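Look for chain A in each of the two complexes below; its partner is chain B in the first and chain C in the second.
And then the complex of A and B:
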């Protein structure tokens, strides 16, 4: 605990002498009584006293930090701290430094990441109060896909300020993702940062960032999901050029690891979003059948089933239905038997196709 | 089917890394190795394979493990000091599924404990004197419904609960987890589940709720915590169950949803993962496994025959994973063999096992007499489709596929909160069951 300068616990210091700690009121014989340490129960007694009085003071703020470091999942403390920071008009940059340290210690805490978002949301709001579009945004609606500014409307110096803030946030998140490349909270917050500050140049960098992560681990599905988020939300949405580029991107990864589910789902997802038919990758998939290790990938066959199903519905011929059926059987019996029920069900769907006489 | 008794060597069904090693494939292969060790005694590779019928759910030991904390919990559980209602729910629901009759002396303590955790402004906090939170409110309501007595139901202040839920409801249809808290799909499910059980659902509470959840469905087909965020089984169950409570599952893209859900079962392990290219975990037996009964209902509504479907996943495989890899010898269930047991995993491994044993289906033919929340009463077991892997004594009590408390406890709670209306529906359902 960086705050404590000596070994004397806070409650033995004179500035706390007037506070009467409030014991926890569990009622008689509670279920699961936890064997708290002395330090914990005493600290919480003081916290309850502060909370009940809703005291807005420096000492209360210091105490929230002590409590949070003891139990970061204690959501009541975080909310109290957020109110105190506002009331006492505290420097939020200092708060960011502390959160950085906390995230390292507790990377999977819902509360810490949300706190970061609340604080950065406030910083964003305070930058240029007159230009914010969500000036009425309260903490409860802080997590909004709505951007705080129209980036293009800002002056050059304002743009620089925003870019610096976004850059430092993205770097902070990247640091957390180094330890756990699939940290759900980190990714969630990253999307919020990207969107909250509008359409700025950071979106371009983000595409490169996902590529960098996929270079290290092309099975990192969180990075694929982020890539989808970027190409469909950044730069004003998915263009035809994006579709072509992303299809190539996914294909090249599939060629390296055909048994990797992520690029397959990405590929078909991009095609669907771009209003392209899955049949456009027919040649690509059929080509993989002649690659020794690819022809056993369930994803090659699953995609071929999708393709042949579409064709069968268009052609309505017995032969085309048969072709699709063969893939379903291959999946159910050979390459993906754990999902045989699902593939058999897909097969029954094919039988419903009205074959023209 | 199943995973223990297959034609080829277990390894054949393992992950194919295409000769390119990355962190994900390394973690996956390491996990498979430890699971193969747990499976070994039952496989053909063993010199004297044990019959699968010998797989036993060690119920007594699990009861003992679960009860172990109720009188005194170790200091390490301080980490759950803001999750007390969750502890109550995980404990009670696990006991309930194991068929352990919760004695009066425990019931009294649960009631008093939760009474002290209810916030004066509505809802339940994480412990006495704490701010109300939607997730702990969900857990508290479920825990009290499991106790299922008038004293337990009367703890809940429905008026203030309604105020609390409305205070976290957002215009876009989402819910924050608490006043000033984060938005995610857990909030939608927890709020709607608590409101449905206590019969306080209003049009204001449900406005745009389905639309928000639909925005969380990703290109993969599953549901993420927030629009744009990666599909994840925990959020997918929450989103789907919330949509079911809203009567709006039709808002999802069914094809991609079905495919994504079916794809979460692990080829060698038989258990479920929570996200693409992530590891198996026993708790997803519920979060992913819980998708299938509701998905079955959706597919039936879309004109499919449940006979063909039989849950769209391999029930033997899942049960084998839970029984052979998730049980600790000393009691309690876990994520995977390399992890230790805890109450959360014990509750959700058992919930998933129960759902896998008892095929729950929806009585579509009665839906007109059970509008709104009452439709939760139309879930009944398809007895012919019961499947208990291993010893017949492994059979668990039946859990409700949407609310995750025992079906008999759901009925009891509805009789209390909905009165005559619930009574009428239950009567019709029972007549239907006898008639079939």
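And then the complex of A and C:
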């Protein structure tokens, strides 16, 4: 019986009898006329009627779900739903369960991920109203978002509550990342969660998480980016100890996949951020030249070119200019010829270096 | 008459030909598919779709292939009292559709049809405390929306509006710059070629390109070219025709578009054409769509492909239109 009832379209149910759907207004001379499917057009007609009346009711909330499942990128309906959830004082944990299902269906919808952020933002605010520091507006971005609370100032039981919430969000995102480890929306939201709840113990876990992902796929650039985000934003910023550890971490991955762009960019990025010179990895790079697979990696030669160029400038050394030139030629002619114009330009730059006579 | 590309590239003789007439027909036919549910499931993108289609037609040298009057009439109906444009009639206003509407109206020289001051009110209302812009009144923030706002205000010559704090916008975009030289959607977000385009575009329009390490970013962008000539958006991702635009226009703004292999990219784009229906797909062998069609054609134009109208790398509109409205060339 119940199943049969579910087969009935919502608009044929008695509770909808008083609503007059508003048809699509295509104007007198439609560029885009009206011959689309009946179910879609009827549903949207009822949605327009609800929206226009700004009705705040259970049936309006039900309808937003129907419309969203039909057309999840229709952002108006999400906003209406958020208002309804607030007005009707709905349980937000239930909403999270539904979003989880929606994310599985539509993992690349901007709207769904943003909705998750809005709802979790509201949950965070409602936890301990007196300690929250943010206003009612949605914190916009990962790093810029003011943390919802100072984690260290919370009581032990409050800390547990926050940790549980963060843990369940990070697990939810990790599930989505299992299907697509480079899902941009999932990563953006993950950064927001990490930062929004302040400097809690989850930052330590996050470093381990990136390592776990990189174990599975060393070429996952999103995971490398996340690792950089963690070491430079968590624990109060990048320390000398971090630099040493991360340099070793990147080097060990480069040794396994020398032609992988990500760890190279990470390695030089960490050195720069930690105020170290790229020349510190000279021995490491030169060592790779004798490794059969590595000596054809464009990144080995590109990094050596950078190193010799720095040396040439610092020491006004003609020998270093020569070595740099050899690398540029190697890149332009042998290992990265698709970018030969770039490498040839690099070569011409070397001629400008003022060397000792 | 529209200015064709002045400097044309020598195209590899063995590359497929550009199916210009078929692309025109493909775009003209898009609006006749109203019996497909797919058409309606993308109705929130209708105004964006019109921008993609009309821009592609202008670059192809067929500016009159769509009914201009009908389009203008339709766009007017998409503007709301608060000044913003929805993606379709009865859809809430959004910065994405607002920029598209303004771009189309300027291309057709029909800005007179709408209330420009209200558009400016709308955009100014979307600026956040930190200098970024939200996409609409409910707050999602992304560097894409910053570019839409700045681009639109620049086209309308309203960047001097007193309600705006552009220094904060510059500061925010600079905070989105990553260790690889690229930019993401928010501070800390992974570098992505499309986000690079919107950030470099914003800084170009605001005269703040000196915040970019052009050599480092130019190399990162060049690294996006794969052996088959196509470009990807992030390391280890698949090539896609739309990155021909995001990567190439960024390189062009940085004066480094010559760093990639142009003949190989031209061939890749041409191979993604659908020889039966017209239109260009994301990569060879896939179904075409108007989004990849415009960015493929705009990419070819930037590459100097003969016979195409020159495109502006910042605004993704015909260069002669940008010149007509007197925007100083900053690139």
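The rule is short, and it goes like this: the second predicted complex is superposed on the first by the 336 of 357 C-alpha atoms of A that agree within 3 Å, B and C clash if a C-alpha of one lies under 4 Å from a C-alpha of the other, contacts with A are read in each partner's own complex, and residues count from 1 in each chain.
Following the convention adopted for this analysis, a residue touches a chain if its C-beta (ideal position, glycine included) is under 8 Å from a C-beta of that chain, and two chains touch if they have at least 3 such contacts.
Keep in mind the model is a prediction, meaning the values are calculated, not measured.
Steric overlap between chain B and chain C is present once the structures are superposed on chain A. Looking at the shared chain after the overlay, A:219 reaches both chain B and chain C.
In the superposition on chain A, contact is made by A:296 with chain B only, not with chain C.
With both structures placed on the common chain, the touch criterion links A:258 to chain B but leaves chain C unconnected.
Chain A is touched at more residues by one of its partners, and among chain B and chain C that partner is B. Of the two partner chains, both chain B and chain C are touched by A:229.
Judged by the touch definition given at the top, the superposed model places A:339 against both chain B and chain C.
Using the contact criterion defined above for the overlaid structures, shared-chain residue A:348 touches chain B, although it does not reach chain C. Residues 24-27, 29, 31-37, 40, 48, 70-71, 73-76, 79, 82, 110, 114, 118, 138, 140-141, 143-144, 182, 184, 187-188, 191, 195, 219-222, 225, 228-229, 233, 260-262, 265-266, 269-270, 272-273, 338-342, 345 of chain A lie at the contact with chain B in one complex and at the contact with chain C in the other. Listing the residues of chain A that touch chain B in their complex gives 22, 24-37, 40, 48, 51-52, 70-71, 73-76, 79, 82, 110, 113-114, 117-118, 138-141, 143-145, 181-182, 184, 187-188, 191, 195, 216-222, 225, 228-229, 233, 256-262, 265-266, 269-270, 272-273, 293, 296-297, 336-342, 344-345, 348. Those residues of chain A whose C-beta lies close enough to touch chain C in the complex are 24-27, 29, 31-37, 40-41, 48, 70-71, 73-76, 78-79, 82, 110, 114, 118, 137-138, 140-144, 182, 184, 187-188, 191, 195, 219-222, 225-226, 228-229, 233, 260-262, 265-266, 269-270, 272-273, 338-342, 345. Taken together, the chain C residues at the contact with chain A in this complex read 31, 34-37, 39-41, 43-46, 67, 70-71, 73-74, 77, 88-92, 94, 128, 130, 132, 134, 136-141, 172, 175, 178-180, 184-192, 218-220, 222-223, 225, 227, 229, 234-237, 256, 258-261, 264. Those residues of chain B that touch chain A in the complex are listed here as 1, 3, 6, 13, 15-20, 22-25, 69-75, 77-84, 87-88, 91, 106, 109-110, 112-113, 115-116, 125-131, 133, 168, 170-172, 176-184, 218-220, 224-232, 258-260, 262-263, 265-267, 270, 275-278, 304, 308-314, 317.
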